[in-house]
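The structure that follows is given in the form of structure tokens.
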């Protein structure tokens, strides 16, 4: 799975029974019967492609598991590998007993069943979700793309526009914020500006076609495209329309950004433009000099990715990468650049520019302004170092 | 999961411990710890959303399992629910021992490892795949959308353009067909016109981000967008460039279309424009008169869907449905129409038109020309009957 | 109060809203009646919190809850309720909804007031003989209250 | 034979290609040497095929292999090797690659010739004393050969 190296070596160490001119053994006997997996799973040979969990977590109720970005292609994250971050474990919710309450500055406080929610007009969009602590600003930085920015995934979401649901209740004058609450053991609570709620916020119940996974908020979650992932409250049970934010623990103690002078930025919602090369990337190895495609993902909370530039000479020069169509708003965008590796040490990196003209900064530029006590919203360029033997490692580590 | 009815009833029969004003039990104790599923699975409450397998199959080595379309939203099929059709079971292939041989009318016959294949420039596209026998033309017709057209799924595929791989070997003059062979127990063999191979054919290794599932051809499959699914040969091990088709059993005995006069259409590759309403659809029930969105999927092997019309009065009048952007070439397109159900019996149906101007026909129109011995390429409109109690059933059954 | 455009959902009753709405505003809005003393809070803390947060709130599996004042602009900032949090009301809100982590929403309002009082006391923000209630909690002046600013990004490059 | 544009992959040797290329053309191209008689084919069939296809090829878990000639334009068409298949060479190709279903690619070329001969014989397309080999197989005139036409769609609406 995902290795760039070693298959010729592997094959050579195997016996050659299955290699030409021999007929491989799996053609000489029937395979597994149809329906042996009523809900399919990956090949046993992909068993290493799982969520990436730090080895040294103090506890697992409030923790995160990362998408193995370096093993994935395209822009869709399969649901089984979607990143996880939660604060009180993953609740097991019976959808028939789940309710969404909508109250506060509305004409008609309402309670909805899941079937009610599904009766509203629906919409589907491919959006990324990213945790804002992805990663923080302090060394040691991770080894792989997943270690660095694996709190990032992308899926096709289906649900109802929050605006439509708000209209059903009728917003009252003075409605400026909506406080969203999850039905988990953390009763996760975040305040969202009303502008976002009326722009592109969704109440999502499906993810890549099927119903949300428990780890992603089954049976209902808020989805705020381009905002830090924590705000897209999972297991959504309550929306309170208010004049002011609630100043919850998650928007004061956490998810605020400490500057070197001790001042703190609050309500820092947007995930700014970012990109990373996933192939070749840390932990992989180029098997041979010669042609290797450089491929990665780019995204911006502010809208579409406009361009991605790639440097293969440690930032001295940059070439524009090709973007895979369709380039979608607030979705991952796959970029690619053909490359001939001459077998010499090299440093490669990517740099995204979004529709607003914003250009992804270097880590040094971020640190110069923000210092390394700043914890969230690190959208630095992550260069990879390629050694003469083809091994790829984090050039910033 | 996916029911349109009964949640109020369900909730009423449950005790009210978890309903407002009470705090539900899943907020009062921690949920499952992060990482308890290193590869995630759906909620236990979705255990009924699985592949749909006919109850009376003679055997399971050469058989099919259908996507539960009526339970899905959007256009992406999650990999676990992607439809299955194979002819010798699902082989378990070690990718390190898998080879692709490319030979015949080429300058340089070549053998590729999987790592070789992955070194080529890659591309990603969202394409549907549909089995051509989806369904056949004889009664009884199925009860649900899945029974009718569930041999249909859609994913984001990543791989290399077949054209690029062919250029690596160098096509010789006279190359008109490519014969593709699978490494399964059926050694599945199909002939593909060279034009398709040079247009948009792919060798795909990833599906919705992760590597192909075994049921979909792990580690490598051919992908022929818009052609009948059987031709997108799975477990691909060999491509022979030839002057003529091979007339394999699968392109003569099967996958040919018998006309009423006894003549047989062969090499009928394209899947023509088609659509179906998935919600409300057979087996579901409208819980109450009032607003219900009509939602479904449309697709065409010839390119993009141009429009979908929906009738709620048994075909007397038609309204243009809204298409979910982005509308992609040879991908599923989600359509929607707002609808107020007055609580009276009704017949609803959808009709797709593609970029070529082709309009999806009725079953009667198809039968008039093709008769019911014709087996494949049934792209009929499937109307749903809604009873006064809200129950939805197949109006053609 | 006519119906909404789609006629979907049913009215939420005041009792239902009251049962579910546990949000406390920054200014103490929606704080419940009741009160709790620092000394009772110490008992609650020792029994139900210290295992994770340390006997003196110095941290463990759970966050450090005490100290750090004056460190925010240093190379080793220590962020706690006392040094970092802008609103004391958030303490009541968060403990009630999420703590103790093994049994959230199990404390009475009185115990939440009490244990909040004790944490504030350990941070030097409430005298040892104090009793906390809605009005008093709303008036507590958190040291870091005025360092919070809005989002000036893009700040780089 | 210089390299391709990307220099990826290695040359396939003639022996490797021969080992893997089991495609037979409609005109018998690539049929291997060897031969098999109808009578030997009956033995192979009885032992390795009849369990699934019936003692006389009338079908079972596996397809019906015999009969149906003249039924294609009726309301009950019976599609078999004898009534439907345009090329006899396909029979050799398919049996060799996929049958018996429980052990594909286990028959010798001789046995494939033989059992093909027997199936053709049961369909009245080969005399009982015949022996099948590449040349003879290529020349067999399948009854349904000339009803195959191309794809005229769109045919409806």
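Letters A, B, C and D mark the chains as written, and numbering starts fresh at 1 in each.
Definition applied: contacts are C-beta pairs under 8 Å (C-beta built on N, C-alpha and C of every residue); 3 or more make two chains touch, one makes a residue touch a chain.
In this text the structure is predicted, and so the values were computed from the model without any measurement.
Summarising the inter-chain layout, the chain whose CA centre lies farthest from the centre of chain A is D. Each chain gets a centre from the mean of its Cα atoms; for chain C and chain D, those two points are 78 Å apart. Centres computed as Cα averages put chain B at a distance of 51 Å from chain C. As a whole-number value, the distance joining the C-alpha centres of chain A and chain C reads 30 Å. Shared contact sites, meaning residues of chain A that touch two or more other chains, fall at 20, 27-30, 59, 61-62, 88, 101, 111, 119-120, 185, 187, 237, 290-291. The multi-chain contact residues of chain D, meaning those touching 2 or more other chains, are 6, 8, 12, 16-17, 20, 101, 104-105.
Chain contacts in this assembly follow no simple pattern; the graph is neither a line, a ring, a star nor complete. Two chains count as a pair here when they touch; such pairs are A-B, A-C, A-D, B-C, B-D.
Taken in their complex, chain D has these residues touching chain B: 1, 3-6, 8-12, 16-17, 20-26, 61, 72-73, 75, 77, 79, 81, 84-87, 89-90, 93-94, 97-98, 101, 104-105, 144, 147-157. Chain B contributes residues 1, 3-8, 10-11, 14, 18-20, 24, 26-46, 49-51, 53, 57, 59-65, 71-82, 84-86, 88-99, 101, 111, 113-115, 118-124, 155-158, 183-185, 187, 205-206, 208-215, 218-219, 235, 237, 287, 290-293, 295, 324, 326, 328, 334, 336, 338 to its touches with chain A in the complex.
Chain A contributes residues 20-23, 27-30, 290-291 to its touches with chain D in the complex. Across the interface of their complex, chain A is touched by residues 6-8, 12, 15-20, 101-106 of chain D. Those residues of chain B that touch chain D in the shared complex are 58-59, 61-62, 87-88, 101-103, 107-112, 116, 119-120, 164, 167-170, 179, 181, 185-187, 189, 237-238, 240, 242, 244-249, 252-253, 256, 258, 260-270, 272, 358-359, 361, 365-366, 368-370, 373, 377.
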